[in-house]
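All chains are identified by letter, namely A, B and C, in their written order; residue positions are counted from 1 within each chain.
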């Protein structure tokens, strides 16, 4: 047997695998491409092939009041969720990084739980809390639900940011005469700037798209996903394709920015941090 | 280096919040599962009836089984799609690795609803796929089982979760030091052998993480069945959802939800244990 | 060896103006005792180095003085007042960190100004003092740069300026030169020494490199396993090491183990008269103290022995020979550079150069 000369295995040719990978990519992207395509189709959502390009559906979309009301609601809830999740997430990340207290392991798991549990569990349990507290279901309950569920995202990102930070900087700050409070504002937070932005972008996007938890906490005012959901019950029109396309484009833009922010200055280690979504 | 006051200041608010908005709700749900409903009102009558019902009622049990089957299929298919993709990116993509990675990641975070809706429009009897098949004269009538069936649910959820499964597997593969692969080849093992003897075993933690994730989330999904599942594609979470809706039986719904929660946590716990056994640091 | 004994074999503590006093300072981390009752005085204006291997406790002691750890026992006093009860930001002590710990989001000038800013110093005074500090370390042209754009040596100077601008009573340096390459290191050593002389601030320097310690310090405090092995000036510690450990850690030496019997010490093939008590003993003999005995004659104060040259390592200015004296006894001899030496030869050393050391 001839001993093989070791080659740079990362760029070896493997035609079958390449084709397979391309097919998987196609599978992941095709439905969305189709959806976008048909948002310009005059003859509606189905059938093949799509003929007659039109912008009619987008025109209808922009004139559709209730949809934009729900967009506004979603933005308000998302912005609030970002504030809530980042604040509590930052504190939680600091606590996990620096403090030790009984039940810390349980606390860590509890904070991360909403990330891996099906949304229905989080949604229902919060619904029961709302009923227990005698609260009316409304955008406020939705906001509390999103904020709570998304603390996990903030904690994960910020904790990773803290670990990457040079601990000696905080010591240096104390050494130079700054109090712990001053050190936090002048040194710790600026070092976490990238993590905060990345977490904020992600939380905003996730909140805007959230359905499962929102489903059980929604009151009279709809968020965008719930508004679309309601219309689906009534029948599908290409207008829904249009709004879906816009959502897609907007989300992609935000996520690309998020990814860039995250990997800036972090290099290859960034991919490690993306291990658990 | 951090004073007691500092540590208390950072720990207390999240602890309190988590206690109030996570622990308490779970506790309430847990409590509800032991209660009952009489004449349209929830009564705090502690009993185990709800759990017995879940066990003995053939309809519920059948739905639970179907849910498990669907979740299993989704996990399997996602792995079959996600693993080779991750492998390709890690070992064969070369300079384009970074770009391709972004291309896989980005749709992951794009709206569930958008992606589910896309499938709805594709699979329907008037949908794109049927239109395409008829256009090519491959069929003359719409193929019915494409939409409103377990098949559709599996298809949609596989689409959703393939990128989810890809991520941890890719991370695992990237962690494998390339010299190990080279050593294997140096010792005479070909690509396939190297894969099965070296790469696959070392990627098991990532594989397990991804698989658990996909299974657990599919298990508790109620939106996909509502979008594309129809009557034959109902899953256990839909049962829960209706019990909290029109069928008004919160205690029973809570009981089923608690079961889902227990199954989920057990699987996560088990998966973590096995992952630890298989990770070599 | 207790610190009391260590002090006996040294020069007396310098001038009564002891700036820093550590009194029986001890530190546990869980079950591990990292520092075992250290008592040490540092004089004002002195350059004292804490020297030791990793794990000797030198960094821990430094951090105790800086305030990032609390002693589990003992006290630290500075300038007549209790230091260890103060948080780090209230101490008149500043630190130069091993990896500099410069703030990446601030410019060089802002880094240096940091300590003055947080104490709400007036703006004109800040800019004046910052300029002065930067000039002192020759970094005035880089005031607007970001730390990440600077080389290791440059970052180190900025770190120094950042600490010095606050005019601390004591400057702590935690292996600041260890991340630099050899040539830069030597250069920085002499700059650091000159700087300290110029500004007169007390320096407490930590290193594991004994050559560095010898080059820079007024006094060296050698730490071993959390206790002070010896505290003395470089010359003193080199010429009169108190223990075998010290003799071997600082410079190279031959450890001669043997017995004293009736005023004669016998270490393998070597014998010479001593005025010490009977019993087992160890002597330290530096390689450079031994010379070739060309003419076979020896003086009364010298010891002669015979050995075969096993190995010869040439290093430019000198030769290091490994000499076999029989019975497995190998001695190292350092001679000025010469031609290769082979075979059996006679060597001599002066009685006074054989220093008795403790285990």
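As a convention for this text, a residue touches a chain if its C-beta (ideal position, glycine included) is under 8 Å from a C-beta of that chain, and two chains touch if they have at least 3 such contacts.
Every value quoted in this text rests on a predicted model; they were computed, and no experiment measured them.
**Student:** Looking at mean CA positions, which chain is nearest the middle of everything shown?
**Tutor:** Minimum centroid-to-centroid distance belongs to A.
**Student:** Which two chains are joined by the greatest number of C-beta pairs in contact?
**Tutor:** Ranked by C-beta contact count, first place goes to A-B.
**Student:** I'd like the Å distance between the centres of chain A and chain C, where a centre is the mean of that chain's Cα atoms.
**Tutor:** 55
**Student:** Cα centroid separation between chain B and chain C, in whole Å?
**Tutor:** 61
**Student:** If you average the Cα atoms of chain A and of chain B to get two centres, how far apart are those centres in Å?
**Tutor:** Centres of chain A and chain B (C-alpha means) sit 16 Å apart.
**Student:** Tell me, which residues of chain B touch at least two other chains?
**Tutor:** 1
**Student:** Out of chain C, which residues touch more than one other chain, so two or more?
**Tutor:** 68
**Student:** Do you know which chain A residues sit against two or more other chains?
**Tutor:** Those would be 171, 174.
**Student:** Using the touch definition up top, name the residues of chain B that touch chain A in the complex.
**Tutor:** 1-3, 6-11, 13-15, 17-18, 21-26, 28-29, 32, 81-82, 84-85, 87-95, 101-115, 117-122, 124, 126-128, 130-132, 134-135, 159, 162-164, 167-168, 170-171, 174-175, 178, 181-182, 185-188, 190-191, 206, 209, 213, 216-217, 219-223, 227, 237, 240-241, 244, 250, 253-254, 257, 260-261, 264, 268
**Student:** Which chain A residues qualify as touching chain B in the complex?
**Tutor:** Its residues touching chain B are 1, 3-4, 6-7, 9-14, 17-18, 20-21, 24-25, 27-29, 31-32, 34-35, 38, 45-49, 88-89, 91-92, 94-95, 98-99, 101, 107, 110-111, 113-114, 116-121, 124-129, 132, 144, 148, 151, 170-171, 174, 180, 202, 205-206, 208-209, 211-212, 215-216, 225, 228-229, 232, 236, 240-241, 244, 247-248, 251-252, 255-256, 259, 271-272, 274-277.
**Student:** With touch defined as at the start, can you tell me which chain C residues reach chain A in the complex?
**Tutor:** 66-68, 87-90, 93-95, 97-99, 101-105, 114-115, 118-119, 162-163, 166
**Student:** In the complex formed with chain C, which residues of chain A make contact?
**Tutor:** Chain A residues touching chain C: 166, 168-169, 171-179, 182, 186-187, 190-191, 193.
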